[in-house]
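Note that chain A is present in both complexes that follow, paired respectively with chain B and with chain C.
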Partner chain A sequence: MSQSYDRGLIEDFGRWTEFSAGMWAWIFHKFTGWVLIGYLFTHIAVLSTATVDGATYTQTLQGLESLLVVRFLEVGLLAVAVFHILNGVRLLFVDLGIGLESQDKAFYAALIVSAAITVASIPTFLMGAF
Partner chain B sequence: MSTQITETETETETESTHQKRRLAEKHARADMRERAKADLSEAEESVKIKVFRYDPEVEGKKDPRFDTFRVPFTKGMTILDALIYARDHFDSSLTFRHSCRQAICGSDALFVNGRQRLGCKTQMSDLEWPVRIEPLPHAEVVKDLVVDMEHFYDQMESVEPFFQTNEIPSGELEEQRQTRENREKVKMSTRCIWCAACMSSCNIAAGDNEYLGPAAINKAYRFAMDEREGEEMKEHRLNIIEQEHGVWRCQTQFSCTVVCPKDIPLTEHIQELKREAVKSNLKFW
Partner chain C sequence: MADYYSSFEPKGTRWLFQRLTAAFLVVVLAYHFMLLHFVNHAADITFAGTQVRMSQLGYFLTMVLFLIAGTFHGVNGVYNALVNQGLEGTPKTAVKWLLIVASVALIAQGIRVAIAMTNLI
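Entry: the complex of A and B
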């Protein structure tokens, strides 16, 4: 529907504090989706420069892993990927018309499980980084 | 000359009756305000409502703003009750739609405390005070809380929201009966009161004027799922809803389902129509 004038905070993202679970799920799904696409392109670009021979590959990876920021980004990447997968499963059920009345609970579950897996992964990713 | 004299006479006469009427109205308004004062001092509780005001036709009211009214709280008071009280006692220019006051006519969908709600169905006691009342988002505001519903009605009409069939029973007075199961299937979808709360809550409809929107798709569902319409008509209905700006625009944000005052599982109906559309188009050969 069209708008005749700017109603400021009444419209859309000014109301983010009032979004429902389904809306947040949608926003996070879009966001994580774009992050994953961005990662995929970076991944291909970086690794294609490293696939010259074994030594270059090892050197590139060791160089990346020695950077603290890369370690943190890996944790972030896992969080993003896990949420995207879990919410993707939720959306699959939504598409199949199964359990739509508990879609909000499914979203909260996806958030909690993603958080738990991310926290559990921190020791692995950050081992020897400091 | 004589005509002129008569004209002036009539004018003064009408003016004086106008004057009297205006004075009477002014006194009535003053009375109302006095009564409101008395009500407020008598009432145990009073609730503040912040109401969106905007009138493009009056100089000085062209800028959207909020007016605050203090209304005596009574048990069982709805948002609509509070608005009616404010209009009758404080500001007769406060404009909003209402009719049946029992959640059937669908006139008073409002944006209350950040959510689309039906004014007559929302209890004041269920909300956080002060209560903020705004017109439906994503719709053009005509005045105060009144929005232009034209676009919404256009979308509703585009799905042919009426029963139609090519399979009329042979006997002249034979009834066209529906099975109990089929009635159960469409039961929730028949409850729509055309209030446009869902359409207003939908992020996709806000950005895509051609999108049918939850209410129209629900209406299409009500008839597409009605077995009495027959296979041929169902195909015709699926053709309407499976177009580019039909069911496929829904991104399952569930906003419509959350706000629907009649608890219609809108997203569920849209998803089912998506599956129906796939089934009718997918052919393995």
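Entry: the complex of A and C
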């Protein structure tokens, strides 16, 4: 079922103008994956220092949320998570052999929908930040 | 580009678990974000609210499973990425064990924190 595909040396970013949709999908999926696992370790570390008692927990979360930069980082995190989810669904379909002829279009759709959801979420994330 | 191609050969337990955890995480990560940023705004979250949520056994178990699935999926992804970059031999073995230790520590600490958020014990 599976056959190898010579994608060339994708790590050579000097070739970026030649990259196809699949290569960009691979790069974005990898980048967003690194961000998400980095965030998971950070998330547990922050919650660990906050969960001393109820008051410290509430103060830590509300203190972080009072910083404008945190609100923007949350928008970035949402963008990264949404793209990784949507492109991940695309990859699951590719692995199942479903809709293979549409995989490029599905990548573009994942990008557009991620962008739309991210932009639409900005008012919610910035609410009360100013 | 109608050919079938994937970086992964369908084989092995880690290959299968990477996909099973992916399917689970798609749903639970979206739920986690929706619940804690859109239903309850992060700025309004208090320990009391967290404790109410985390003290429901179904929610607590979902979050613990989310932690375990997320850790496996993320750390296995990192390992695959490094192997894909050409990691081999002794460094590969060292990285593998470092990632296993980091994963176990993250899951253990995550569960400790999750329990501290509940009134279950």
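As a working rule, the second predicted complex is superposed on the first by the 119 of 130 C-alpha atoms of A that agree within 3 Å, B and C clash if a C-alpha of one lies under 4 Å from a C-alpha of the other, contacts with A are read in each partner's own complex, and residues count from 1 in each chain.
In this text, contacts are C-beta pairs under 8 Å (C-beta built on N, C-alpha and C of every residue); 3 or more make two chains touch, one makes a residue touch a chain.
Model, not experiment: these values are computed from the prediction.
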Output check: A:Ala55 vs chain B and chain C. Expected answer is one of first, second, both, neither. What do you get?
second
Using the touch definition from the top, say if A:Glu74 reaches chain B (first), chain C (second), both or neither.
second
Among the partners chain B and chain C, which is in contact with a greater number of residues of chain A?
C
Touch check for A:Met23: first (chain B), second (chain C), both, or neither?
first
Contacts for A:Arg15 in the overlay, against chain B (first) and chain C (second): which applies, first, second, both or neither?
first
For A:Asp104, using the defined touch cut-off, is the partner it touches chain B, chain C, both, or neither? Pick first, second, both or neither.
both
Which holds for A:Leu36: it touches chain B only (first), chain C only (second), both, or neither?
second
Where chain B and chain C land on the same part of chain A: residues 1-5, 7, 11, 20-22, 26, 91, 94-95, 97, 100-101, 103-104
Per the touch rule, the chain C residues reaching chain A in their complex are 1-10, 19, 22-23, 25-26, 29-30, 33, 37-38, 41-43, 45-48, 50-51, 67, 70-71, 74-75, 77-78, 81, 85, 102, 106, 109-110, 112-113, 116-117
Would you tell me which residues of chain B are touching chain A in their complex?
52, 56, 64, 111, 114-115, 134, 137-141, 151-152, 199-200, 203, 205-206, 209, 251-255, 257-258, 265, 267-268, 271-272, 274-275
Contact footprint of chain B on chain A as seen in their complex
1-5, 7-8, 10-12, 15, 17-18, 20-23, 25-26, 91, 94-97, 100-101, 103-104
What residues on chain A touch chain C, complex-wise?
1-5, 7, 11, 20-22, 26, 30, 33-34, 36-37, 40-41, 44, 47-48, 51, 53-55, 57-58, 61-62, 65-66, 74, 78, 81, 85, 88-89, 91-92, 94-95, 97, 100-101, 103-104, 121, 124-125, 127-129
